[in-house]
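Have a look at this one before I ask anything.
Letters A, B, C and D mark the chains as written, and numbering starts fresh at 1 in each.
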Amino acid sequence: MEQQEQASAIRRKIFALFSEETRDKGFPKYFNYFIMTLILVNVVSMILETVKSVYEPYHSYFYAFELFVIAVFTCEYIMRILTADLAFPCGNRLRSILKYMFSFYGLIDLLAILPFYMPFTKLDLRIVRTLRLLRFLRLFKITRYNNSMELIKSVMSEKRSELGVTCFVILIVMIIASFLMFYAENAAQPDHFPNVLACIWWSIVTLTTVGYGDVFPVTGIGRFIGGVIAFLGIGLVALPTGIISAGFLEKLNEKNKDKEPEKEQSTEHHDGEKCHKQYCPYCGHKLD
Amino acid sequence: MEQQEQASAIRRKIFALFSEETRDKGFPKYFNYFIMTLILVNVVSMILETVKSVYEPYHSYFYAFELFVIAVFTCEYIMRILTADLAFPCGNRLRSILKYMFSFYGLIDLLAILPFYMPFTKLDLRIVRTLRLLRFLRLFKITRYNNSMELIKSVMSEKRSELGVTCFVILIVMIIASFLMFYAENAAQPDHFPNVLACIWWSIVTLTTVGYGDVFPVTGIGRFIGGVIAFLGIGLVALPTGIISAGFLEKLNEKNKDKEPEKEQSTEHHDGEKCHKQYCPYCGHKLD
Amino acid sequence: MEQQEQASAIRRKIFALFSEETRDKGFPKYFNYFIMTLILVNVVSMILETVKSVYEPYHSYFYAFELFVIAVFTCEYIMRILTADLAFPCGNRLRSILKYMFSFYGLIDLLAILPFYMPFTKLDLRIVRTLRLLRFLRLFKITRYNNSMELIKSVMSEKRSELGVTCFVILIVMIIASFLMFYAENAAQPDHFPNVLACIWWSIVTLTTVGYGDVFPVTGIGRFIGGVIAFLGIGLVALPTGIISAGFLEKLNEKNKDKEPEKEQSTEHHDGEKCHKQYCPYCGHKLD
Amino acid sequence: MEQQEQASAIRRKIFALFSEETRDKGFPKYFNYFIMTLILVNVVSMILETVKSVYEPYHSYFYAFELFVIAVFTCEYIMRILTADLAFPCGNRLRSILKYMFSFYGLIDLLAILPFYMPFTKLDLRIVRTLRLLRFLRLFKITRYNNSMELIKSVMSEKRSELGVTCFVILIVMIIASFLMFYAENAAQPDHFPNVLACIWWSIVTLTTVGYGDVFPVTGIGRFIGGVIAFLGIGLVALPTGIISAGFLEKLNEKNKDKEPEKEQSTEHHDGEKCHKQYCPYCGHKLD
């Protein structure tokens, strides 16, 4: 009995590491900082592993660090499973665990460590390991940035219909331009514009004003189409920017309106003090 | 008589496929989804036809699909003609049909199938077939996006005067810059800046910040002009974006104001009632 | 006496061609359209003159058109001088003429024709002729676009202080980045980054996100600096856009506020009607 | 005693050159203009020194100008130290001097001249001299631009949380895209995409829409990823622009609201007076 209670106390302590309420101070805070630093350092090490001149002389260090990271992430995963019934309370402990395992972050946590434990599969593990980058998203949970993140997300989601229409118009413009470009340039530059797919690549590069310069029109008509598309690319920036600006301001106005009634109330309070003189501030009538 | 009624019933059923009121549910919904999917798949097949490595081994499949698409679009066109008097009611059936045929979407529907039926004309049918891409516009009719589309269109149209002036200023700047660039770079790079037309191409590529890198100034004075134009290109993005932002917010404010008067009215009403009871609406004190 | 009156009547008729009040209808309207079309066609011909394959076979036509344009513009200039006392009334006719000649548009009108009449000067007349492009600005006088032009100008001028600070910050960032880039890349690419001036060219091309690709960093530290500058380039678009957006909305709000008081007045009027019932709408007190 | 007073008077006169209150008129104004011009000319000379064709024939002039600049800046630095107790008054003169020396501008002033006085250190003095560019920041002190600078700074600082989240999201997108690009293009272009670091360079160049064209994807999957990143680059412009626009308008609204309450206050006052007279503030009726 006592043992069970002790176990429960330990599990609550572990859960305190992950709970949003407790993790902003004391030991949980340092634990979370440690995990986040580990994620960042791991990303840097993953980047450096691809640089031959760095990787080859130090590959044993990279391997040791990899083992350490996997060990920590595995511990964290086990700890999260053990405390799943506290994070996802639903009576049945097994269901809680499954709920965690199939939650968004649960899957990310698993994918971060899984590739290491199945080296004999035929998958290209290098690519699968990239999934670990998704652990980055855990960094978003820093409370300090939560509000701003929510604001940006809500603006994007409220304006998703307008942004969607913009994307759709752009898609149509892009495809039509690609066909026209194909007919205009195919004869002059069969290598650069061999088919409409290649023209779509050109369209994207031009519409977004990236302009690598790997493909560009050389004929008169091709340059005319290219010029029109380039100018439409300006609109492509202007439209979503305008929509998003309006979205942020809409949010702002809403917030201000929510406040104003409060203000009025507080003003009334203030007036209340003035009413000390027992006169209504509006009609000047004596108040009882 | 009965036969005629039956025919009329069939025609109404066919019209239900196209009518905005009925096409969002039941069989018309699936019919429209089918047509839209066909348009999309047809665009993809048109793109792939230009890719030799895909087209050559499968050209018979492409031809078969083309026949199928033409057949369906032709059926749809005939069905739309048969029900034209329901879509464009004006007493005379022939006039209804002509009204449909010369409506914007009627012409697009025709242009989508026409090239197939006149293979002996001297026109380059490949290019004419591109007109079929315009059928894409039918996709805009999806009700879900209608409001956003209308909003964007109304903002653009209200601000068309400001946007027009911006375009005009840009045009003038572009042409003057092209002449200056011609005098600055022609001697140093006669191949890249052979005449003012080529300089206009450079102007467009620079002003829109695409910057392919096919033509760029190399002389000191040319680079100075180029730098000025590049900075004006920033303004070229900033001005229309600012105009469009303001347009969206204007729309928003209008919408909010349309709501506010209602509020005020209801307040007045409320006051009215209170006044009736001879109480001050603010302090609730009985008024004599 | 009669002759003088007749001359005066003719002069008034000529002036009607240029006066803002009369030129929007009747013959003056067509005259102005003719002048504007001539300006546009002249610009096109000036562009085509630089295209050897077009100019050489038709150079006599180009010369004839040039003569015609100069003739018309000279006539217009003389007519404007003759009617200067009506356009710039100030008692003394000579002073009126000088006022016109040294006004902004007066100088442009002169510069458009002057180069033709002094072919023996040592100036490169080709370049001086480019000044004729400034006649383009006359097109701005189309009343339809006047309001939008004024709006854009007033927004730019109200925000000139913020825009100026932005430009100044950009200038400083650009120069510091150019020095850093010089130290980073000069050793690796002495041809592309021979001195700080060349680095300033790189800075401009990168900050404005044009990115021709004629010069780009190849060393690690150079790419780091380049990346930072490229991201600052985003801010370079975002800041003026935000400033200009705010400027347009400010104008809008001002306009709305000018209207609102009127509304309030009308509301008061409305209240007045209610007061018909002889009760104050606010305190519910009987009114005498 | 008298001598001390005289010294104090001289020091006050010197301080008048730097004090914000006095430097906008009379001699201090010209002194400041001289210093600012010197900073600007010095920057130009530093740029030209790196241009061999200019530097070599005139290197003695450059050296003479350098000596002159250092002399003036050293004098200014000494003068500022002498008057530090007036600029940073805190009782103890030594502490005032240290306060100045370790203030932001004090360090910049020192760094501008220090490299000249330690030619025997092993530091690359060329680079250290670049620090003198920071003296540019003194130009910000021009009062005319102070308000705009403050406005821009306060908008940026109020929105730093949203802008920070945007940067963070971009960073994550950039790193994930770099890994994907590495797996997609490494095999096809081992020279251009040798490791993830090089792909990050590509990501930056694409996301910011600079697009030099030194590295670009050539495989189908690489182009697909590139296209997605290029479109996200549009969002990268749109989001901060929207945020900054909203920030400027927020500031504007606040300013307008600060004005409105004053109005309300004055109305309250007005009401107060009226209340005193026992009249309804709205209908002016005598209240019982």
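Of note:
Here is the rule we use: contacts are C-beta pairs under 8 Å (C-beta built on N, C-alpha and C of every residue); 3 or more make two chains touch, one makes a residue touch a chain.
Only a predicted model underlies this, so the values are computations on that prediction, with no experimental measurement involved.
Where the sister copies subunit A and subunit D meet, the same residue numbers recur on both sides for under half of the interface positions. Rotation relating subunit C to subunit D, from a C-alpha superposition: 90°, rounded in steps of 5.
The most distant chain from subunit A is C, comparing centres defined as mean Cα coordinates. Matched by residue number, over half of the contacts between the chains of C-D recur in the interface of A-D, chosen from A-D, B-D or A-C.
Taking the mean of the C-alpha atoms as each chain's centre, subunit B and subunit C sit 30 Å apart. As a whole-number value, the distance joining the C-alpha centres of subunit A and subunit D reads 30 Å.
Taken residue by residue, subunit C touches two or more other chains at 197, 209-213, 237, 241-242, 245, 249, 281-285, whereas all remaining positions touch fewer.
Because contacts link each chain to all the remaining chains, their graph is best described as complete. Of all residues in subunit D, only 161-162, 164-166, 168, 172, 175-176, 178-180, 182-183, 194-197, 200, 206, 209-213, 216, 220, 223, 226-227, 230-231, 233-235, 237-239, 241-243, 245-246, 249-250, 253, 268, 271, 274-275, 278-281, 287-288 touch subunit A in the complex they form. Those residues of subunit B that touch subunit D in the complex are listed here as 209-213, 237, 241-242, 245, 288. Residue ranges of subunit B in contact with subunit A, taken from their complex: 43, 46-48, 50-52, 124, 126-127, 130, 133, 136-137, 139-140, 144-145, 147-149, 151-152, 155, 197, 201, 204-205, 208-214, 236-237, 240-241, 244-245, 247-249, 252, 256, 280-283, 285, 287.
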